[in-house]
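Would you mind keeping the following structure in view while I ask a few things?
Residue numbering begins at 1 within each chain, and the chains themselves are lettered A, B, C and D in the order written.
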Amino acid sequence: MVVRVGILGATGAVGQRFIQLLDDHPTFELAALTASEESAGKTYRDAAKWRVNAPIPDDIAGMEVGPTKPEAVPDDVDLLFSSLPSGVATEVEPEFLHEGYVVSSNSSNDRMAPDVPLTIPEINPGHLDLIEVQRDERGWDGALVKNPNCSTITMVPTLAALDDAFDLESVRVSTLQAVSGAGYSGVTSMEIIDNAIPHIGGEENKMETESRKLLGEFDGADVELHGMEVAASCNRIPTIDGHLENVFAETAEEATVEDAAEAMRSYEGVDLHSAPEQLIQVFEDPVRPQPRLDRDRGDGMQISAGGIQTTGTGLKYNCLAHNTIRGAAGASLLNGELLVEEGWV
Amino acid sequence: MVVRVGILGATGAVGQRFIQLLDDHPTFELAALTASEESAGKTYRDAAKWRVNAPIPDDIAGMEVGPTKPEAVPDDVDLLFSSLPSGVATEVEPEFLHEGYVVSSNSSNDRMAPDVPLTIPEINPGHLDLIEVQRDERGWDGALVKNPNCSTITMVPTLAALDDAFDLESVRVSTLQAVSGAGYSGVTSMEIIDNAIPHIGGEENKMETESRKLLGEFDGADVELHGMEVAASCNRIPTIDGHLENVFAETAEEATVEDAAEAMRSYEGVDLHSAPEQLIQVFEDPVRPQPRLDRDRGDGMQISAGGIQTTGTGLKYNCLAHNTIRGAAGASLLNGELLVEEGWV
Amino acid sequence: MVVRVGILGATGAVGQRFIQLLDDHPTFELAALTASEESAGKTYRDAAKWRVNAPIPDDIAGMEVGPTKPEAVPDDVDLLFSSLPSGVATEVEPEFLHEGYVVSSNSSNDRMAPDVPLTIPEINPGHLDLIEVQRDERGWDGALVKNPNCSTITMVPTLAALDDAFDLESVRVSTLQAVSGAGYSGVTSMEIIDNAIPHIGGEENKMETESRKLLGEFDGADVELHGMEVAASCNRIPTIDGHLENVFAETAEEATVEDAAEAMRSYEGVDLHSAPEQLIQVFEDPVRPQPRLDRDRGDGMQISAGGIQTTGTGLKYNCLAHNTIRGAAGASLLNGELLVEEGWV
Amino acid sequence: MVVRVGILGATGAVGQRFIQLLDDHPTFELAALTASEESAGKTYRDAAKWRVNAPIPDDIAGMEVGPTKPEAVPDDVDLLFSSLPSGVATEVEPEFLHEGYVVSSNSSNDRMAPDVPLTIPEINPGHLDLIEVQRDERGWDGALVKNPNCSTITMVPTLAALDDAFDLESVRVSTLQAVSGAGYSGVTSMEIIDNAIPHIGGEENKMETESRKLLGEFDGADVELHGMEVAASCNRIPTIDGHLENVFAETAEEATVEDAAEAMRSYEGVDLHSAPEQLIQVFEDPVRPQPRLDRDRGDGMQISAGGIQTTGTGLKYNCLAHNTIRGAAGASLLNGELLVEEGWV
């Protein structure tokens, strides 16, 4: 089976990752690229300031980039990946949905909307059924699915494993985030060399709310947010890719280090093309995971964890994921594969 | 008044900071430098691989470095600063104490010994009286005073302010620590460029125990550790100087953001030469403090804090200090000034 | 004597350095700050995104920033420092000159204009007399003086020393330039972490032409460019401040390593407030100078050199300067001091 | 055909790269690993501090590491790759050669020995015949082949292309070298963060002599060094992998930019498994090549060039290669493939 796909916002940092990940994909065939007005009409080679450390795939480099409008996308495209700036996405995604497109979006708008599934295929695939609710309420034939923020997605698989086994009560998390998470020009070199920045606008709130929706119960109509308390402190550090996070977790059931490690290690994955064989890799060496050494595991789709220890009141541990693959383009791609698998495309 | 001082372990990274800080000191006159056997007999210029970004003071460059033995230190030296590796310090510091020297030490050995004062002059100057206990038990005429680890000292002033005002119950802290904290060769460039390391051997335990001793009650005989729970996760990041820390604190009394800020801002300092005018600078801009921009405040002796917010269960905020000044050489120096002020020298 | 001065373009990276350098200046009193329209009317504290690692001087923080127009500058201001973007400076500097202001400018426009002195006080102070030619030709009462580009100024003092002693014939130079040279937002973190960029637009041409004007002969009417060939390759690397350069020089007279070092060491400085006591510091240790260790020598105004060796055809050596102090704000300031000394203000 | 190979010095940074590159090699089967005495007897997993950003291949992780002695290597091993420290290699390589082994070595000892071929397969494969001379003079049955230093190999392909087309007369080169070139612990983080080091011991001499041997004429008995003058300045910068170099070249025949680019682009490669399809990639965009973006081209075996311009007296351009692949392990591996192809194994 071949599914024809398009990328909305194809020239940015996440858009470039989409192109890299779609190269040689067994099912998805890239058939449409859109970007802002000033890029429209150019070849992709000319429109994108290509920054991935591998050449642009030959068949993509010469493709024409269209404007981000439904009429610029061929009718036989079945699935769209969106990495538009959230301000633009708020305006434009509904236009595609009203035209009946299925959109797997990395943009942050609407993630917490009650009728929009926010999903990680390994964690809450059942939330996809919110699409029915969404169609009723919004009056469109399309389907909008969101993946969480890169900092959220890094910790949620480990939280899901602990919640299943021990019932989570509260989470405090401190992040060490790579500069690529802010986009190509998001962090200047003068801001970050020999430095760290203890605040990322909006990021703490995303972690605190999205994680509770992802672990929430879906009863066919609504997702009830998980009851745990989540408090996050988000920091930018001088790394290119890979978010590292320190988690302090309190659970209702007492967890030993070995039980916690086993809960993570045995957390089940999904059988989709872009999913890693094992969802969570657990290191015994406390100096791991590290961004540069471990971000590429599972082709950038595996979550790494380590340093699990008990504290006076619960557990502490570290986790890591590749923020522009598992945390952005790869997340949307995997949701796209799930949408196909579940028959929504 | 002139106090003649010496430095044990004068050639290392902290030793070099001592020399820089003692240059032009109004009371302390540097009269002895010691180092390992292979440096003994050389001039300081030849013995030290000088890395401070200012030239070696002229009068020090030509001084002869002696071995780290009591007989190599002139009798008229009144006060010794120690930045020896802790393994060496364990052996050597007692030799100096039995000879009657007063030693203000940055080395990590004996910090938690019941009869050794672990002090920050602004926080617990009264603990100095443990020296009497120490002399009784150890049978020496000297006096040994320790300052805490650099990661501990960064957060403890803010904890002391919160504890005074609201009674601390638990603390979780995540650190983003500079490479200089590991000494000149402690972290290789291949380990840390485009990377972060989520573990520093022994560091978490130091933060978890030293902080409770610093805030503990001294009844004239013993220091009772503070009852708060402390859990720490320590990370190394690619910065040269300045430890940044994310703190999550639970207090018995409810604290608003403004009350917490005011408690920190108004926490009283001390009137010693190397102490900053204001102990804790509180930023309203949430992107501050940052290591490169704020580590040098108060000549590297001021603590910075910012990003204070309430969480569901308490407070979160960030703090920062210069790890080799306030967190090491400056800490010992300030303890030395307190020892003089209080008449122990 | 007090000279009242103003800064055109006071909020940018170089403007901030001006403010830092003018704090406590014995002669210059800061009396006017200008910036773009959207900053006009704000206090300096609000208008500038302050990035210097020391607080804004108290008396400056509350000053009002005006628009960059002659009518916004008080009449009793005697001397203006300009760090405007060159596109803006091209338009605006002449307006001030026609109003009779003396302008010491760091902006790159007009540096190679035949009637504009391009000066480093220690190298070619006599070129200031071009001001007479300039006034005749431009019909203004003001005076425009430029300092060279930061990469040029780093090497020219060493070239001047070699030219005086051995007659320079050709120079090839490779630069390792800090990100601050591109301004606050000039280099993104994604461009430069774990990377280097082998091209800086326009920079090579500046080095190749400005150096020949600085070492050129002034006959009272024209500056004849020095006849040496200069070829430059300019690279950006992940350092904050301090340009390091590798120079390969061919001379007419044969130069030994010791003679070359002596020519540099003994090159005469000037007796101005901001000038370093010794213009060029020569290291014997071949691993020096290094940006982080040596950029602050002479309060950022000294040139460092090292690694002098003979090659088959000439000499090679390295040199370094602080690019935003000696290479920008400090350069204009020193030219301002020379203008006062020589009676032009 | 299967060739059984071994690695001498398998646990170091270059040894780890050998293991990565030999994984899935179509001809070479890894059958022996040696290291220092303290590693001998351990599994590779335990002996190596593995730092490559991919897991240790499963079949290698459990292999036992032997001491670096001929008796520890199975008799049916046909070819050895050596990445020993040069001091050790000087002692140990001859022992293996006397036992008849063919050794393709990255160690720097003996590179300039008159009877040892220093080869890059694409540049001077014919120099391999020096093995006959070597066997006569040394009295061994083995064969010792060396590859050049990482900084040399980065520029020599471009020099070879220019020399073939225009006859090289002199070369000045400035390098921006990655920290991995110094080995795992070669450069500390305190030395290099926010810094650059303008000297690498011995490196300049290697570039100045090895390049002339590589481009030298072999007459069946001796290699006559190429007559060009070479002067090098070597710098360490804060990048992990990838050496960038600025070259200034004078040629006997005049070269235009386009002719020089064409000479590089069309320089012929070799048909060996690890060789890139095109030896030299030439960029037209002057900001390329860049270490992080271009070091992995051709699986780390391609040379990149760019920024070609004419100067008053010749050409200038930039070149780049992956220093631990094309510049070290990959270089030895490719020489090994050539040795097999040419029948020496």
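The rule is short, and it goes like this: a contact is a pair of C-beta atoms (placed from the backbone, for glycine too) under 8 Å apart; a residue touches a chain by one contact, two chains touch by 3 or more.
Bear in mind the structure is a predicted one, so any value in this text is a computation, not a measurement.
Peer 1: Would you mind naming the chains that touch chain A and likewise touch chain D?
Peer 2: B, C
Peer 1: Check C-D against B-C and say which one is joined by more contacting C-beta pairs.
Peer 2: Comparing C-D with B-C, the pair joined by more C-beta contacts is C-D.
Peer 1: Farthest chain from chain A, going by the mean of C-alpha atoms per chain?
Peer 2: Most distant chain from chain A: C.
Peer 1: Mind checking the centre-to-centre distance between chain B and chain D? Centres are C-alpha means, answer in whole Å.
Peer 2: Computed value for the inter-centroid distance: 47 Å.
Peer 1: List the centre-to-centre spacing of chain B and chain C in whole Å, with centres computed as mean CA coordinates.
Peer 2: Roughly 40 Å separates the two chain centres.
Peer 1: Considering chain C alone, which of its residues make contact with at least two other chains?
Peer 2: 51, 193-194, 238-240, 292-293
Peer 1: Which residues of chain C touch chain A once you look at their complex with the stated criterion?
Peer 2: Against chain A, the touching part of chain C is residues 13, 51, 179-180, 184-194, 238-240.
Peer 1: Which stretch or stretches of chain C touch chain D in the complex?
Peer 2: The contact residues of chain C facing chain D are 170, 172, 174, 176, 193-199, 229, 231, 233, 235, 237-240, 244, 246, 248, 286-293, 306-307, 311-313, 316, 318.
Peer 1: Would you pull the chain A residues touching chain D in the complex into a rising list?
Peer 2: 51, 53-55, 193-194, 240, 292-297
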